[in-house]
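In order of appearance the chains are A, B and C, and numbering begins at 1 in each one.
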């Protein structure tokens, strides 16, 4: 169309034909955009003996950008250059996240594996100094202590969190928004402050000495926001029709909740509990300030106890090769527990929620 | 046409109906829920009130110098000086450092998961981010001491060698270990998952029609990202960043192990091996503290709590504003 | 109201449920004004009208489901066997035991089996000492779904089709043996075959109980109901009843012009 019609703007029409693919040789483009920069920069770095970090930042990334931009230009024209840079930056930074996680996991697993043996799970830390051989001693007492401290917190916080979620979803109260904001603000409570609060209120006043139950107390405000948030979301997912269905049958609210809403939200509630446990199982600072640490096996929460995070702290603090190795071992044990909880939470959410089931058949 | 209700009857008085519980069990049920709400509000209030009560003496004695001064001496019982300036500034410096490092990673990861990756890869990436969130901070601290510190110190050295002319990267002390830079990285590792998950949620709730409309207008990936996705989700991202900032300020043990605490204020020399952190200071000092010192530490904790409370409250408001569908 | 002269024809029948000058508000919004209707024993009453005229809201006031909405306001009286169900001191759960409800969207409890769903009302209201087997069979038979599910009573309720789920919900209400059943567009989410079966069920049920049904479907109203009330809300005014009378009169012989327009499909 050569003549401007009155109905169109003065902007010239794009001259590019949409069906015109400028360069369709995919494989060549792929090699050009990804493999080539890697090989070239590796070669330069090795050949000229440049530091790996510098090579990565100053040679590989720019080279990658140029080649991807070039390929983008070949395929999409000018806008391909910006697109290619966006993709390269995204992948670079995303990969950085992956590398960091991989580094953490890899070092904990390889270093931790050196310390782990059956006796590492079964023995406690009595008579163990920072130079004692790894053949002796272990985290048995710390595992039990963590179970007891975290278990006590869970026992208190789960009902409290679910009751809060009920308040936020089932009551018509006007204060709900404010309560929700406050509970979420609580999730920003620095854990050390939670510990300090208990320490200042109950230990430094001489009311009691270091004890396991104080640790449980300090962990409550840290666990509560997680449980409340996830449980609230789970209850909210239960369709309002189910609640109304139960109430229309003449059910009192509490029965409608316990027999209809709660079962329908079961997997979400389980997830809430698991995520809550995962949130506090590795908390160290509050336990340091309230429980301190014990080397023998203590099962009485009225006394100072051992726990996995404080065990790591204790061994990291003494900064000796063997004790460092013990810290890695304990870190691996913590990660194994976190992994188990994590997998369980995944499994709990896997069965379709009540809502999806209903929708499917309507 | 006449109105439906043309009757001359006056409108009767309205009664407000409320589903009031009738049964005792229902009253108990709702009573427990209400008690939980009061309890939660009470916990926060109690912590705040008690910390305030305990720190009153210190705050009154030290005045504004408590926040701005940089001396901490409990040796002379006649003249104890507690000032947390370097620690407070250190906490902020490390948190900002962490946020600056974490934000590009988090936004990239969120963009990757929501817009670039195939659904299977996105699922794996989501798991990776969630997994990172689940790693306890003491484990990150251990990794920071055992693995990451040498690497990051090397990076810092490179920065110093090549960009040392910038005030930010000068290092007169000579040590690259124990710097706010390293602590910032450690914090970044911990807050990347928080910012990512908030950003991802915001991205996933974006109106796909708007994005498709932009694409239909011939916009490229990059211009869609810069002109549609980022502006519409910026509020939520800021909220997520604030959440991360709050978490970064409160981080304790991981920083405790990688940072060299110093009561000399370190303004911007991020790669120099000295810095401060209120949370780490509390852990470092409380064991051997005198009663007065404990009170001063509590006052420091209160300052930290108030700052994080404000930041989190702000973040919650911003995130809620950015996610109106949540209501 | 002057428009309700057809109602005179109904006055001879024994009133079972009656609304007197019912007014409803949502917050400050006045949505229903002066609704006075009579629901005689064992009759089916259809509530028709365009969307947003307040007929579903009115239905929900009849068993006090309306008050579950925060900011709900109410005035007037609703008499069940001469007793006002809004009298202070009346427990709404007891009202709902006598006046059952079936919703627009089938809502069987997904975590329960078919059998448990039928018995759910008894469990939820804390009833004891009943013959479960007998109640399950009778209720499912009355909802005409027994033959389809008798061999799979233990299956989850969600394994049923939409129409079956809705009949299960009717059975669930019937298990409580209510005096009145309220139905809020029970067939709007169903296919024509399922709709037909539910209409048959309604016909059979009307021999033993009073039924109030909200429907958008004119044919359905004519097929199943004995009397019809036409609701209308005009230009931001609260909704109200324009015409109320025997179904054949309302459809074939409407007094009000607007009723005529609506039942003949001129608007709504």
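Here is the rule we use: a contact is a pair of C-beta atoms (placed from the backbone, for glycine too) under 8 Å apart; a residue touches a chain by one contact, two chains touch by 3 or more.
Not measured: the values here are computed from a predicted model.
Taking the mean Cα position of each chain as its centre, C sits at the greatest distance from chain A. Set side by side, the interfaces A-C and A-B show unequal numbers of C-beta pairs in contact, with more at A-B.
Between chain B and chain C, the centres computed from C-alpha atoms are 53 Å apart. Centre to centre, using the average C-alpha position, chain A and chain C are separated by 49 Å. Between the CA-based centres of chain A and chain B the separation comes to 14 Å, rounded to the whole angstrom. For chain C, the set of residues that touch two or more other chains comprises 68, 70, 93.
Multi-chain contact residues of chain A, defined as those touching 2 or more other chains: 172, 252, 255. Multi-chain contact residues of chain B (touching two or more other chains): 18-19, 22-23. Of all residues in chain C, those touching chain A in their complex are 63, 65, 68, 70, 93-97, 100-101, 103, 105-111, 120-121, 123-126, 156, 158-162, 165, 169, 172-173, 176, 189.
Of all the residues in chain B, the ones that touch chain C in their complex are 1, 3-7, 9, 11-19, 22-23. Within the complex, the chain B residues that touch chain A are 18-19, 21-23, 25-26, 28-30, 32-37, 39-41, 43-44, 47, 50-51, 54, 104-109, 111-112, 116, 125, 128-132, 134-143, 145-148, 154-155, 158, 189, 192, 196, 218, 220-223, 225, 243, 246-247, 249-253, 257, 279, 282-283, 286, 291, 294, 297-298, 301-302, 304-305, 308-309, 311-313, 315-317, 320.
Those residues of chain C lying in contact with chain B across their complex are 1-2, 21, 23, 25, 30, 33-34, 66-68, 70-76, 86, 91-93, 232-234, 237-242, 258.
Across the complex, chain B is touched by residues 14, 51, 53-54, 76, 79-80, 82-83, 85-87, 89-94, 96-98, 100-101, 103-105, 107-108, 111, 160, 163-164, 166-168, 170-173, 175, 179, 181-194, 196-197, 199-201, 204, 220-221, 224, 228, 252-255, 257, 278, 281-285, 288-289, 309, 312-313, 316, 324, 327-328, 331, 334-335, 338, 341-342 of chain A.
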